[in-house]
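Here it is: the structure, laid out below.
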Amino acid sequence: MSDTKRLKEQILAISGVNPRKCMKCGKCSGACPAYDEMEYHPHQFVAMVEDGRIDQLLASDSLWMCLSCFACVERCPRQVEPAHLIEGVRLALIRQQNQNHLHAEDIPPKLNDALPQQAIVSAYRKYSK
Amino acid sequence: MQEAMIRRAKELLADGTVNRVLGWQRGEFVYDVTPAVFASPDELDASFVYNDFCGANLSKYLVAESRKEGKVLAFLKPCDTYSLNQLTAEHRVVRENIYAIGLPCEGKADVEALKAAGAAGITGIADGGDTFTVHTLYGDQTVAKADALAERCANCKSKQCVTYDELLGENGAVQNSHRFDMVEQLENMTADERYAFWQGELSRCIRCNACRNACPACTCEKCVFDNPQSGIANTAPADSFEEKLFHIIRAFHVAGRCTDCGECSRVCPQHIPLHLLNRKFIKDINELYGPYQAGADVAARGPLTDFTFEDCEPSVVHERGVN
Amino acid sequence: MKSLLLKDMDRLLAALAENRTLYVPTDGAGGAEYRLYQPGTPLSEALNTNRSAKDFFFPQTENMMRFQMRGKEIRIEEPTRPDEDFVVFGVRACDARSFELLDKVFLSEPVDSYYQNRRAHGVIVTRCCGRPEETCFCTAFGIDPTAPGGDVSTWQDDQRLYLAANTPAGQALLNGVAHLLTDAPETAADDAKAKTRAALANLPIQNLPLDGFGEENLLAIFNDPRWAELSRACLGCGTCTFVCPTCQCYDIKDFDTGHGIQRFRCWDSCMYSEFTRCAHGNPRVSQVERFRQRFMHKLVYFPANNQGDFSCVGCGRCLQKCPVSLNIVKVIKALGGEKA
Amino acid sequence: MQVNEKEFKPLIVAFCCNWCSYAGADLSGTNRLNYPANVKIIRVPCSCRVNPMFVLRAFQRGADGVILCGCHPGDCHYTTGNYYTRRRMTLLFSMLDYLGIERDRTRVEWVSAAEGAKFAATMNDFVATVTRLGENKRLEDLRCKKQ
Amino acid sequence: MQRIGVFVCWCGSNIAATVDVKQVAETLKSEPGVVFAADYQYMCSEAGQNLIKDAIRDHKLTGVVICSCSPRMHEATFRKTAAAAGLNPYMVEIANIREQCSWIHKDKAVATEKAIILGRAAIAKVHLNAPLTPGESPVTKRALVIGGGIAGIQTALDIAEAGFPVDIVEKQPTIGGKMAQLDKTFPTLDCAACILTPKMVDAAQHENIHIYAYSEVEEVKGFVGNFSVTIRKKARMVDPVKCTGCGLCTEKCPMKKVPNEFNLGMNNRSAIYIPFAQAVPKVATIDPAYCIKMKTGKCGLCSTVCEAGAIDYTQQDELVEEQYGAIVVATGYNPIKLDQFDEFAYAQSPDVITSLEFERLTNAAGPTAGTLLRPSDGKHPHTIVFVQCVGSRCDGGKGKSYCSKICCMYTAKHAMLTREKYPDTDVYVFYIDVRTPGKNFDEFYRRAVEEYGVHYIKGMVGKVAPQADGTLLVQGSDLIENRQLRLNADLVVLAAAIEPDASARPLATKLTASMDTNDFFTEAHPKLRPVESPTAGIFLSGACQGPKDIPETVSQASAAAAKVIGLLVKDKLKGNPCVAHSNEMMCNGCSSCEKVCPYGAITYVDKEFRMPDRTTAIRRVASVNPAVCQGCGACTVACPSGAMDLNGFSNSQIMAEVDAICK
């Protein structure tokens, strides 16, 4: 099994997402509030993971632009749950690096008022593991 | 009571209302009374008896008797009236040919209970109000009537006659009985304990068919167990499976129709508590489909020939707490 | 005559059980029954067991043979005959007498080899009745409960059990446990016998009118109109038959096990509507006829064929067990009087 | 003797109504959905045709589990058949349970003609459940055991 | 003893690849009673059938076991084969070794063993089979059509034209259904009313058609050829015979604030109303929920003004019972409720509407008299966004997993008509896929794009947000441009998924017709019997069976009519001989069977019998009407004595199968 394939399976296992359910309607991207900040958009995330173009994804800042607001999860008519997939890619990356970016206690000093609440909650969820 | 019954029977014979009387006949001892048909005042005087041991449910005899010429007078205890209603509902008796006299009942004694209390060689039993004085070959003995009651009477479901053409005495009421206590006790056992219990009980079965033949709900023209064409006919418990098959199927066939008269357990020569099988079905029916008493109402639809859209699923059995 | 202290009873039973399978009457949930001896379990003091002792020689069901089918071929397999020696301890005089009656049926030509085999392996130890009950009427058939018969007879007083062998098999049995027994005079059990005789004298059912059941009255009894009345309450169950020590009718059935046919025989009851059903139907179509058959057999046909021996031993089980209290005593009293 | 779960293959008798569940079983075949071969289907017109005698008969003859499949309540081809089945089998199963016979050996499942996947999943699950229970000992007929 | 022939089908490799068919035939040949066994590639082929026929004749077979595909597939075929060779067709049993064996098992040894066991079970059953002869029942030469939309109307007209009387039951006060609410129809853009209303009038005037408008089916009894249907004629409070449809009452009615369902609540009607001008029957109906007279007892104005004296406030629902030979279901569809789709702000903004509402907004008889105006302020919209697949192809609980089929075309129609009538509007269509199979359909869609300049955007709208200035901010993705679009629209039109009418489920229960999980009626065969329900005598017309456009609905309606006519021309129907029968000697007459019989097929008679004890007795015994019995078997289990048994599925047959399987 190639590394890419293994990585894809890892991401799918972490996220529980089946990208094949996607019918490429783009509703996720239509709903995404961070769309303009992204190089790759939610529907592309799904396609890229399915295609195995994961390195491209890992190298992109788009990964970190997702606010985990779950609008895409809520709107997706096929229950593909792109946000969960994005989360899976992030975790896969973190695991590759074999460490957390942050410790939970490191987060409070970094907070600022402009950060959306959802992002903070999401950060706690991710980094406190 | 016996005198009143004979008097009334003679009157009804005399005025032509009935041409015979279904009652009990005196036997060798106080307790071995036999259901019998009396056609004349002389016969009544000679051997008609009514005492604490007249436990047999006479309703079943009406299946045959009510199809004969003329009207038959039947003396029925409250239990027997439930059975008569059920038989009427199932068109097994011709109700118009029956003149039913409802009797009050305070429970019938079980001679086995007297024997269990130590009375061996019974030669006579004197009624002492709340007690029996038992004369035996080896001395007298006093037993409280309450201790000599048949199980079904100790857990009496109803002292109310539900169908009759005339009552002797006051009608009783439906009782708040504890008849399901033992069923509940069994339900609360583990499956292994229940299996051990029933294996012990049913293994005694000798397939004498007394339970079936005494049962007022078992009036089939031909029982499946007697019918070689049914594929399950058998006359002996050749394997322990056969005992279970017989008793499960019998209980199932009378489910929703059994009035809980208790004849099956009364007549079992092996003292198998067969009523606990029927009561299980009655309890389940009450709990799952709403209270139902077979025989209480001739017009009622039996629970197994009825349903609601909202009935529970069979998985309710699997979801029960105790295993 | 030998004797044994009652407190040593269990030692005796344990010793008997050492070499052979031992069955003793014990009390249980449904009443007294013969059960496999378990050390320490006391003997039942009940007068009689629910079921009679005939089961040991004529069990309710008994496998006779198997057929195996391979494709379209049929192979027959004989069953293995039980060959273990056993002792039945505590048989009452009535049941002991029933074996003699069954022998007349099964051991006369053609011999029933299944029964014969079980008979050959069984030793019967009888027990004198201490407290006969109101349902007892064995004396009406000439049975003396104080001489209970069997291979070994036993009597009992407050202290001791007395044993006397009646047959070589019985003697061999006692020899095997001789170390537990002490010698006693032949008169040692006389007090026990006297006590029993005194009780017997008070029994309510005695002096039954049996004289009228002679062969010469066969048709008169058969055609007696009172059968209808006597049988009216009969439910047609087989309780009387199945608890009776002398009822000997059986049916042979084939059971398809799915991988062969098991041929077995099982008790049948003349009370059943299917009894002796054959191609043309059933010869006895009503319960009156079935009821009559049972008592005609016991009281008329059997004695006619067996030197006047009635096929009833007066054990009283049918009096106790019939759901509607019909029984042979009522029939005898009604029909047994001297015929014209 | 220890029953080796891997070796033990329970025999399952499945009574399927002609209109829904038998068609559902066919559909699971059409869709090539696997379930163990020890499930054997008997076609009946309606689940209400199944007599408790048949259920007991199956156990007697060596079945380790018996499952009834019918149309969903309300969808019975004969309008009401499965409503009777529901009551009858509830009571029968309750009685078997009361006698101490493992209640997981019996099941009723509603499977429509469109539910091929459900049929296969149900059979797989039922076989697994009965496999865990092991051989039917409590409702067996020793005469019918293979010798 | 039967002489049984066993025929093992390879089904090409469908069976033979997984089951050793030779071994199956060989093994079954040694079963008791089997005198012939063979295998063949395709038993259902002519050669295969000839093999069976020859064997029946040559080996004097009395029973036949076919190990093949499901009996649901070819049981009828092989029964005919047997009959052709002179064997009673009910002496044939099928062992299903394809769907229930070869297709689900991979291991050849396992599948072969199972096939043998299934074969043995069939052999065991055939041993106990008895020749059966079907009974015959007469056919009531009259049809019932439930639903008076275009499907029901077309079916009724076709049946009536063939000379059979037809009744239409329509729950609304008028026939016409959804099509009456439409403005234009694709792909020809002819006016819906212009083509529908003549058909409505035809139906009303046809001598063979009777319309029960404002009526519902209450109860259905009986079976194919002999249905007895109770119809509830709901009280209109207006005598339909006297009413001339002049409409004076509707004008004078003081209660005018009733949401007009015909215009989807976008305007109001009076409490006494005629749904629309061309209603059939053109009879007024009082809406008791709003009528002042009905609610308070005061008013009665309509009664005063009605010159025909047609108003009757005391009218009650009336139940009529009619006999039919066939029933056609044409209950149609409805758009789903969109309340759950918050992202499209349907519940928040009046300017977010469904496509059906759009139809009414562009229809001359609609609330705006045909001028396209925004519901909120009555202004002309300049930017209109159409959103496709709202609730269709939706996997979650909110919508429907299926494609609603008609939305692509009507959206193209709406876009095109808008651009034609109002060239100054910008029209956007957000789509996932554009699905336009059908004659002249794709051309139609391309015209919208190419000639009318409709902006088709591949992508879905993610959010619609009402703005302070009264516009709607539509945010969606343009997947092809890979950008997120934000548009300020004046009107958003949602192509809501369609679902079966809510009345269909309870109706299906009454008809014992099966439905799929989406409440669409199931067809007897998805390809080969698409207009029949599996329940004999019940036929399907239109969208009750699945989403359909008008041409398809009309085709199916005529197809259903053809099937009905095919049934009604028969004088007698051969019944199913697998019916219950009572062994009178064992019957207790207890009525248990009668109580569980869904068809009322069991009656009781007092009969004289010679009893086993040689006496004569009059006994009450059950008697089954074989024409009415459908063979479910409920009675057989209700019967404690086992007197009731079922032909073809007898107690002994089923137990023999159990035994064979458990060997």
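Which chain is which? They are A, B, C, D and E, in the order written, and residues in each are numbered from 1.
As a convention for this text, a residue touches a chain if its C-beta (ideal position, glycine included) is under 8 Å from a C-beta of that chain, and two chains touch if they have at least 3 such contacts.
Here the structure is a predicted model, which means the values were calculated and not measured.
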Partner chains shared by chain C and chain D (touch criterion as defined above): B, E
Chain nearest the overall C-alpha centroid of the shown protein atoms: D
Furthest chain, CA centroid comparison against chain A: C
Higher-contact pair (C-beta pairs counted), B-C versus C-E: B-C
Chain centre separation in whole Å, for chain C relative to chain A (CA means): 88
Where chain D and chain E are represented by their mean Cα positions, the distance between them in whole Å: 31
Intercentroid distance (Cα basis), chain D paired with chain B, Å: 36
Geometric centre distance via CA averages, chain E-chain B, whole Å: 53
Two or more partner chains touched - positions in chain B: 224, 231, 238, 304-306
Junction residues of chain E, two or more chains touched: 596, 638, 651, 655, 659, 662-663
Touch relationships between chains, expressed as pairs: A-E, B-C, B-D, B-E, C-D, C-E, D-E
Touch list for chain D against partner chain C, complex: 61-62, 141, 143-144, 146-147
List of chain A residues in touch with chain E within their complex: 21, 23-32, 35-36, 41, 43-44, 71, 74-75, 77-79
For the chain E and chain D complex, residues of the former touching the latter: 70-73, 96, 98-101, 103-107, 110-111, 113-114, 117-118, 121, 508-509, 512, 514-517, 522, 534-535, 578, 596, 598-599, 630-634, 636-638, 646, 649, 651, 654-655, 657-659, 661-663
Residue ranges of chain D touching chain E (in the complex, touch as defined): 11, 13, 18-20, 22-23, 25-30, 32-35, 37, 40-46, 48-54, 57-58, 61-63, 71, 74-81, 84, 88, 112-114, 120, 144
Complex contact set, residues of chain E against chain C: 30-32, 612-614, 659, 662-663
